[in-house]
Amino acid sequence: MILDTLTSPVILFFVLGFLAALLKSDLSIPEAFAKAMSIYLMAAIGLKGGVAVASSGVTSDLIVAAIAGLALSFLLPVIAFALLRQFGGLSKIDAGAVAAHYGSVSVVTFVTATEILTGRGLGPAGYMVAVLALMETPAIISGLMLAKRGEKQTNANAGTPWHEVLTNASVILLVGSFAIGVIAGADGFAPVKPLFDTGFRGVLCLFLLDMGLIAARRLVQSRKVTWRLVALAITIPILNGVIGTVTGTFIGLDIASAAALGILAASASYIAVPAAMRLALPEADPGIYLSMSLGITFPFNIIFGISIFAALAQMLG
Amino acid sequence: MIQTVMRKRIEILVDTPLAPRIVAQLKAVDISGWSLIHVDSGGGRSGEWQHDDVTGASAKTILLVIASEAKTEKLVEALAPVLDSYRLLLTISDVQVVRGERF
Amino acid sequence: MILDTLTSPVILFFVLGFLAALLKSDLSIPEAFAKAMSIYLMAAIGLKGGVAVASSGVTSDLIVAAIAGLALSFLLPVIAFALLRQFGGLSKIDAGAVAAHYGSVSVVTFVTATEILTGRGLGPAGYMVAVLALMETPAIISGLMLAKRGEKQTNANAGTPWHEVLTNASVILLVGSFAIGVIAGADGFAPVKPLFDTGFRGVLCLFLLDMGLIAARRLVQSRKVTWRLVALAITIPILNGVIGTVTGTFIGLDIASAAALGILAASASYIAVPAAMRLALPEADPGIYLSMSLGITFPFNIIFGISIFAALAQMLG
Amino acid sequence: MIQTVMRKRIEILVDTPLAPRIVAQLKAVDISGWSLIHVDSGGGRSGEWQHDDVTGASAKTILLVIASEAKTEKLVEALAPVLDSYRLLLTISDVQVVRGERF
Amino acid sequence: MILDTLTSPVILFFVLGFLAALLKSDLSIPEAFAKAMSIYLMAAIGLKGGVAVASSGVTSDLIVAAIAGLALSFLLPVIAFALLRQFGGLSKIDAGAVAAHYGSVSVVTFVTATEILTGRGLGPAGYMVAVLALMETPAIISGLMLAKRGEKQTNANAGTPWHEVLTNASVILLVGSFAIGVIAGADGFAPVKPLFDTGFRGVLCLFLLDMGLIAARRLVQSRKVTWRLVALAITIPILNGVIGTVTGTFIGLDIASAAALGILAASASYIAVPAAMRLALPEADPGIYLSMSLGITFPFNIIFGISIFAALAQMLG
Amino acid sequence: MIQTVMRKRIEILVDTPLAPRIVAQLKAVDISGWSLIHVDSGGGRSGEWQHDDVTGASAKTILLVIASEAKTEKLVEALAPVLDSYRLLLTISDVQVVRGERF
């Protein structure tokens, strides 16, 4: 199955980008174009999820999955924090910042997983997009709580940046286009479908080309990641992914959606959370959390994680 | 000859996500103007970076501020506590300004 | 009918952007991508208009509509100028600059209207694209004449920037791609149709998302717009739109094209004219004309204006 | 040691649509070189702005010019009449230049 | 046949851009968007070539064409160098730099030719994409050898920048997506085909609009191009194109592929080679080589060259 | 008052493809930090240019470096041989730096 993944153009473009950066090629995707693609991908996935929920309605599965997602995002940082402190040897602040990343989710990992699973007839339910959006922020709160546990009084400047967290671009875009999808329904979606559906996988290829470049450069430029942290950047997603997949199966989700919940749990944020951490914990070292989540966990999930948790969900389901 | 006055030119290199915080500090010391200059990439003791809009967290920006000497001193005092935790690079030089009354 | 409009994804994305900016979200569309989309939209609309005229030929309707458009663009600033001076309390220079915006047109308003009207079986004639292009510049000239009326001698520096006005990007692009459409015809257009036709509405969604952000930020950041000016930024487009729709009906255009002429008259430029005014009337305050045209009139037209003038055209027709 | 000479470093913050006019003035006073630096956003007494390519009218740019003192004075004189109407921010400082004969 | 070319939207957009720049219009395509389009075009052409080879297999034609391409790229600079020194009056260094451009290839010229030839039922074989990639770099080496012939010892700083040349963005992207096409095959390509195939010509239109602007601005701003150099910027591509087409026919390629080889030989690089020359021969004047390759040869090939070499291949074939 | 020290502010305008070479020179003289500022366009004796990402060869960039006087001198010496062939524009001015120990 991993081999299967490795012949998909989507993954191959990621590998191409990764190799190009390791070879120190001057290949680069203009930032504006990369950001445009990420906006497109989020709008597309939000719309499609919303349209799916518009036709299925609000089911009990949706509600159960939403609660499970919220709980996972809130609780997974606790385990990660313990590992990062004990085994990883990080300071309380750095450990809290990194833990928040692993509790939150990576939109691109989810999108790639959806594409690959759908290609195998394992497309997750539309409401998983809502779960994705819900899982972005709780981890930020628990990460900050862990980082500041035991401190007397947090000064105003360093408190949780509630406003930024709740109105952050990816949350607004996902929730907003999900809502538009729900309102417009399949009929309203039809006229915009050519752009948001037909072109989707091609754009994902080019976006993953860029993510490969960014991930490998991040890996090469990082100076502060010890071997223990490298090990954790692979162990934590496996652990989280297993917990997520088992939870998904246990609460009765279909196989594909349980796999998707596992992948969400395994994925680490590299958009919303770094921005929030830079604001709320400026003392935490961005070199550590970006190298781990973007340089190691992201490629691991794209190439191995997706297949692993899909296989696990099929075994359990 | 046109009249010029001496003012301070302050350059603050800051992580883009933190720039609004510095702007808030400017306003707090009654400096009313600033400009954000686009920085493409750079390197320092903590490694190299490129501007990248996807994970905005690793981009940096230069805040350019023209201010009077008095306000500049106030600003430096105000920024002192975060200079290290925000990893700011702060430089100050002298400039002649035309229409300098406004600073 | 307004409700109808409000469930179209195209409009909903505009609303999403508007709300995101009001919530001070950090959502932003990279400038380069926004400009790319506007170039795409102008090329697409130009091509489609040209292809339509290539098959219909140059009809008397086309000629009559073109003359009407030119006249409207030249004359509408006079009414606006009077209102802005008397009721709005603006200086001669500011009033002239603002009036030019209201005589000229907004390409995006036209494009959005075309999409929405076509969705209701009310697609305007292809030649209306030519009318759109013709209406961009005359208002600049009459706006400048109004602003400088009574001045002895305008110095060279502050004269009409003829060259910039006539070769401005949107005029060149609209006229150029219209001409390409005419030359290529339906057969020549076929191979490029997938990009310029199929993807059109989806791109319009993302572009309006950005326009929502820009319009709301402009509204929030503007400090110089009095309540009187807010009232005029709604009254002038209504007035102009009614004049345009009535004129369109009167000169014998079909219902859809009369509505389109109304919408063109109602729309206010925020690309070509601000650039020209910055050059020709640097003393005029850009804060005023951009806030009015982009912050108020543009959203008003997108959400209400299009439906109002379409309804009026149907009543009259 | 390499020879350096003293020149003036002029920074002019200007609305992007007006930049070609300033460049024309540079040429008029026989200054042959300039560079346009990208400004992302800023704020002043007339509110805040972001670079926006859609309505280009509200973007600003920094014109960086190295020139001799004599030409700098001529330039400032030449720009004097439009300083206010163009809302220019003009600063001048001293710099050492290598290969300074050309300015 | 040239007239035929001149009514294709692809070419007309190039002409529009060219005229707009000559009129000094402020029309401009955001750099990030232009670069994004060039990345898209290279990925698309690489993929399509790879998929074609995946189904045809490695044929003897492919191998012969590859060898011919390598030889042409390596040898054509020698003729160009002689002409540039003798007739053009360039210094050894400038002549070597310019000669490298003419031995190498222009991806966009190839892509445009492929589109136009395919439209006439003359689509070149898929493996020509591999030939394109192979022809990019040998000319750099022979250009540098010519520029430095007779010098005692080249200092380290000014040696061939092997690493940059071999990992340069367009080589990596073409070779990489060609390989992805080969691995994925027609089945793997299917899901991404809507983006990379259907939208292709439309994107090419917008890209050529930009190339028209860039080429004309380059032409206008160049101050160092004498009439002799202008003549060579037209003579060299004709000469090279004839050599390439004859070679293609002689080694037994089908008519379309022989024409394509001619066009590759005629085309001059303006991406990979200028970057390499800036590094390896910083003393060479970029004003000369960019004005010739981009300002004159590129438009000449787009408007006349493609048709000329296609006609020649048909005559010979 | 916060302690500031005097350092040199070096601006090097360089063709973007050559920037990595200059950065290598910085490292060679033990300067550990630099920032690349985005330049949109410009003009000089050899004509005008715009930043263009398609043919990257004609874009330019400003390398901004804060360094001690001693390192600055070393850098200028090191760049001397390529100043002309690379067509560099190099200016040096004085700045006050907070947390100046690091330069």
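Just so it is clear, A, B, C, D, E and F label the chains in written order, and each chain counts residues from 1 on its own.
Just so we're on the same page, contacts are C-beta pairs under 8 Å (C-beta built on N, C-alpha and C of every residue); 3 or more make two chains touch, one makes a residue touch a chain.
Just so you know, these numbers come straight off a predicted model, no measurement behind them.
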| item | value |
| --- | --- |
| Joint neighbours of chain F and chain A, given as chain labels | B, E |
| Farthest chain (mean CA position) relative to chain A | D |
| Copies chain F and chain B - interface residue numbers shared by over half, same or different | different |
| Per Cα centroids, the chain farthest from chain B | E |
| Whole-Å gap separating chain A and chain B, where each centre is the average of the chain's CA atoms | 34 |
| Interchain centroid distance [CA atoms averaged], chain A/chain D, Å | 45 |
| Chain centre separation (chain B, chain D; CA means) in Å | 19 |
| Residue list for chain E, restricted to those that touch at least two other chains | 28, 30-33, 35-36, 198-199, 275 |
| Chain D, residues touching no fewer than two other chains | 37-38, 53, 93 |
| All pairs of touching chains, each written as two labels joined by a dash | A-B, A-C, A-E, B-D, B-F, C-D, C-E, D-F, E-F |
| Chain F partner contacts - residues on chain D that touch it in the complex | 1-2, 4, 7, 9, 23, 32-38, 61, 66, 93-99, 102 |
| Touching residues on chain D, where the partner in the complex is chain C | 15, 17-18, 21, 46-58, 82, 85-86 |
| Residue ranges of chain B touching chain F (in the complex, touch as defined) | 11, 13, 37-45, 60, 62, 73, 76-77, 80, 83-84, 88-93 |
| Chain E-facing residues of chain A, complex | 7-10, 12-13, 16, 19-20, 23-33, 36, 119, 198-199, 201-203, 205-206, 209 |
| Chain A residues within the chain C interface of the complex | 30-33, 35-36, 39-40, 43, 47, 163-164, 167-169, 172-173, 176-177, 179-180, 183-184, 188-189, 191-196, 198-199, 275 |
